[in-house]
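For reference, the structure discussed in these notes is given below.
Here the chain labels run A, B, C and D in written order, and each chain numbers its own residues starting at 1.
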Amino acid sequence: MMSEQIDKRKAEHIQLCLTDQVEGKLITSGMERVKLIHNALPEIDFDQIDTGSSFLTKQQIKTPFLISSMTGGAEQADQINRHLAIAAEERGWIFALGSTRALIENESYRQSFQVRKYAPSIPVIANLGAVQLNYGFTIDQCKQIMELTEADALVLHLNTIQEVVQTNGDTNFSALLPKIEALCTAMDLPIGVKEVGWGIDGQTAYQLSQVGIQFIDIAGAGGTSWSQVEKLRSQDPVKRLAAEAFVDWGIPTVDSLLAVKEQVSNRSIIASGGMKTGVDAAKAIALGADHVGFARSILKEATTSVEAVLEVMQVREMELKMAMFGLGVASLAELRQTERIILT
Amino acid sequence: MMSEQIDKRKAEHIQLCLTDQVEGKLITSGMERVKLIHNALPEIDFDQIDTGSSFLTKQQIKTPFLISSMTGGAEQADQINRHLAIAAEERGWIFALGSTRALIENESYRQSFQVRKYAPSIPVIANLGAVQLNYGFTIDQCKQIMELTEADALVLHLNTIQEVVQTNGDTNFSALLPKIEALCTAMDLPIGVKEVGWGIDGQTAYQLSQVGIQFIDIAGAGGTSWSQVEKLRSQDPVKRLAAEAFVDWGIPTVDSLLAVKEQVSNRSIIASGGMKTGVDAAKAIALGADHVGFARSILKEATTSVEAVLEVMQVREMELKMAMFGLGVASLAELRQTERIILT
Amino acid sequence: MMSEQIDKRKAEHIQLCLTDQVEGKLITSGMERVKLIHNALPEIDFDQIDTGSSFLTKQQIKTPFLISSMTGGAEQADQINRHLAIAAEERGWIFALGSTRALIENESYRQSFQVRKYAPSIPVIANLGAVQLNYGFTIDQCKQIMELTEADALVLHLNTIQEVVQTNGDTNFSALLPKIEALCTAMDLPIGVKEVGWGIDGQTAYQLSQVGIQFIDIAGAGGTSWSQVEKLRSQDPVKRLAAEAFVDWGIPTVDSLLAVKEQVSNRSIIASGGMKTGVDAAKAIALGADHVGFARSILKEATTSVEAVLEVMQVREMELKMAMFGLGVASLAELRQTERIILT
Amino acid sequence: MMSEQIDKRKAEHIQLCLTDQVEGKLITSGMERVKLIHNALPEIDFDQIDTGSSFLTKQQIKTPFLISSMTGGAEQADQINRHLAIAAEERGWIFALGSTRALIENESYRQSFQVRKYAPSIPVIANLGAVQLNYGFTIDQCKQIMELTEADALVLHLNTIQEVVQTNGDTNFSALLPKIEALCTAMDLPIGVKEVGWGIDGQTAYQLSQVGIQFIDIAGAGGTSWSQVEKLRSQDPVKRLAAEAFVDWGIPTVDSLLAVKEQVSNRSIIASGGMKTGVDAAKAIALGADHVGFARSILKEATTSVEAVLEVMQVREMELKMAMFGLGVASLAELRQTERIILT
């Protein structure tokens, strides 16, 4: 695929994701089914609440939050990634880059992915479509991505339905597991897997954990729907109409999280997909997530300014701390142990 | 009944079914209660997905789809059936004709039912109201229908509530089972039974299977409501008002499908009634259906052109393939085996 | 209470009940929770369906339907009762008069209650507030009512909440049971009890059956709300506001019917309260009711003409027969035995 | 904190609470899940129904109702508290003052808290934020409050989430339990604890009962939301946005009541939070509450006149009596024993 096309596609993705047309319908993250039980007498000091977390046992960060993979490559990407990286460094969030495939295909795109200069201390995650391993993308190219981005980890995204709707999408997802295994073996840095909004089930998570995957970002249903995004871009009437039938497709984030947690105990789990608030984050962590990712709900601010991103980050952090205060837990470790949770 | 009346009635059926007033209310097919569990790592190639199916072990077709019985006889019927037959032949769908009773009663109606010239290879199904067996329709006339239509099978429709509301409807449904048995014995070709939108329960399906019925089209509730259709046509104020109370009558398609599947294991089952998408079809097949039928949701295109029908067919096929991709199954046999399904 | 006041009150009741403001809110009869399971192959002839029924083992009537107690005494009552009585006679419905207390208190009101001339063959039921037994109403006066109305039975209504909201309502409901017992013993004709829209529970029904009550009309919640009716009439701001809190009060008709049926097996049970159609009636009978009553849903027609009442009666009958046809039952006895029913 | 600030804050609280913006969203008290089962034959006289109750075994009052803590200190408070106290005395309600902290901090505020002159006979409850015990408030000051207010009891409020959102809120809630214990030991009068609209769980209630707390006012979720109130006042954009995520926070009143009742059997329990009617009150008492509190739903009348308060009180009392009549119980003791209750 020509890089220009990628460029145009990514620009369109951003434009469309700034509207509400891309939300899934008749499906939710399931977070409204999770109730946290208020503790009126927490016996803690709000100011002592610690949201400190670590990513893959290596890096200590101030929050359990992650900016989910969004962009890189497109014209606007430069600015967006700079805003996000600077803010993430300041607030102590993990920063996941958008698909870094363009990085290899076109040198002019490098700059937008090279955020290490703005974010020297936080974990940075590079991103690649897993299916590319079936389309000639090599382990050496993956290594090159890691060098160019100075990222701490690489996450492979799984996005079957999106690829089908997308014009010229790459839809041969056969026999990827052995290739993922080979990649995990060959790379020095941790490899993770993520969905893009339809969730990962327990069995798939288990299989991935068996081939060397270090972390799993469930990216469940209930937030951005990538069949909706691609429907809005598509020129093909058949795909456009067919995509509509997938507006409620996918495993709700809560269900995916519970299923993955049950099957995979010694891998890092990132809950994402339709996460809107720090209260959602508290619920996800109480249900077993290690980290919580936000994509579209932080996009508008990312296109605006570092300050805008900082504010939305502070709001999410404040919400998380307030939820912890309301539960009477002073650390994420305690939050993970809380019994003050009901799933209806 | 005079043929002219049938003609008028059928024309009105088509006109009314092109509007949304004929949908059941406060009842759904139940497909929204069926959730398919996304498989993020399908390990298959989208292009290798095979939706090939066979009808009554005899004919191999490209899809598991059926155009449910709609018309024949009426003025527009000629054109509608031609559009449908040509498209069905091209895409490999089963084509069920509307009631072929008019065929016997009036020679001038024959042409609209003679679609074999447009559809040489696909299964074609002739249609007759089962109740006609109580009103003088003979086995010989049934044989004549099969000869004139060159159909592969005959389906008898059960439509009690419709007949009551319809002016001069045939409402003596007593002792039909022995007559159906006699017909099954006498005919060389397979006989099936269908409802028209109120579903078939397990016990009835079992009884039918015991007297020689080869396939059952459940035609459940949740789509077109034939009490609504006839209400809109009726001149009788009592029937018009009474019909309204049946707007939510019937067994939802999902419930009917499950019940029939449980009672009848060695007969072909067609799921229909309110089927809107290929995702609905995937659910029905995963629940045990052999084929999936669409009536009203394809009618508008049928009145338009072959191309319009082809497009809607391609959309349904694309949706089915996408759902299979999303589940990670490469054939209908695998789809039938999937455990990635939840009924809430 | 002066008769003029009763007159005015009854006129207001009728006027208000012709509007929709008097329906309960946030509560339903529960009939939408009852599903009848369609039988596609009923093996019966619609024209042979028999809805014949008998009231208190004595009278044979054409339907299981009852016009619930509504009026008498008020100016309009004369006309209303004439319309209802003539139509009930023609269609074979039971006719229950409104409260016959006025009959005793004022001779000029007699005529409106004397419907026997219009309805020589059907069961006619006289009506009295049970609480009147605490306010000086004697057994002799009850006998006088029976003579003047030539009624076949007397039904006592229980209407606590209405009496509270009503200006000068009679609210001493203490120790009524012994008085009801005495009445049952003294009277030659069968005595029944009804509510007015809040339902009767199983235990109360049992107690009533033990003191000689022959039939119970549950008059459950989900239809007319008598706290709403009296709220709209009241001049007292405290009662007006308090009444509003009872807009969802009462036992839904379905729940009341099931409870009474469980506790009382050898008494006639009338299901009423929010009954809208013959399908509702079919559900009630399948759940165990002997008869089904309609009040407000037939009032408008009652104020119009005999023809209007006849039409609505025919609609209810047609709906019942259609539901029986859809179930495949040819008599009420079979309807009572049907297993084609689900309560959700 | 300067008293002027408190003054302004309290005035704003009142103004905001006169609008509907401060109600919680997507959460209810749960009272709609509680159904009372109508008793058509209560065998009691409405006029004999007795709602008499006692507070902490000491005072006999005419109702089980309480005016929940609202105000004192602010300019309007004088008038509001006078209206409430006079009316409470007349109708026999318990009267809880708003936070009496201002009383100590500024002598000019005393008058509004000194309602004993208007309410000589009813129980009066003084109020203080429990967290103040961590900010220098002494037992002696508590004693001073009791002397100045001539109150019968002191209730400590727990309001974590409110304090976080409030500008300069006191958010060190660590180790309060020992301080509460010390206070209970030192004071001659009974000490209670209340929330402000997020409810108290069973375990917390148990802990409080173990350190000497005499009564617990659950103040559950479903009514006034104090994160909404403070959000509307806040100048801090981060807190303002974060507060919004707590609009559905808290334990619904019904769930809190059941949980506390289960854990704490020998303490007085006040049900409050979103109580709207005397029917709600009847439900709460049938579920085990000793008293029932109303705050915001009585505020508008409190700002108007004694007469307005008296009317709303009479409406609540009428509703309670009607509910008791509908259940067939003649006293609160009987209401507490009723089995005519279903929780869905």
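We take it that a contact is a pair of C-beta atoms (placed from the backbone, for glycine too) under 8 Å apart; a residue touches a chain by one contact, two chains touch by 3 or more.
Keep in mind it's a predicted model, so treat the numbers as computed, not measured.
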Ask   = Once the Cα atoms of chain A and chain B are superposed, what angle does the rotation have, between 0 and 180 degrees and to the nearest 5?
value = 90
Ask   = Taking all residue numbers at the chain B/chain C interface, are over half used by both copies (same) or under half (different)?
value = different
Request  = Using mean C-alpha positions as chain centres, tell me how far chain A is from chain D in Å, no decimals.
outcome  = 44
Query = Using the average of all C-alpha atoms in each chain as its centre, how far is it in Å between chain A and chain C?
reply = 63
Remark   = Residues of chain C that touch at least two other chains are none
Query = What pattern do the touching chains form: line, ring, star, complete or other?
reply = ring
Request  = Report the complete set of touching chain pairs.
outcome  = A-B, A-D, B-C, C-D
Inquiry  = Help me check something: in the complex, which residues belonging to chain D touch chain C?
reply    = 32, 36-48, 276-279, 311, 314-315, 318-319, 322, 325-326, 340
Request  = State the interface residues of chain C toward chain D in the complex, per the touch definition above.
outcome  = 26, 130, 158, 160-161, 163-165, 171-177, 195, 198-201, 204, 207-208, 221, 237-239, 241-242, 245-246, 249-251
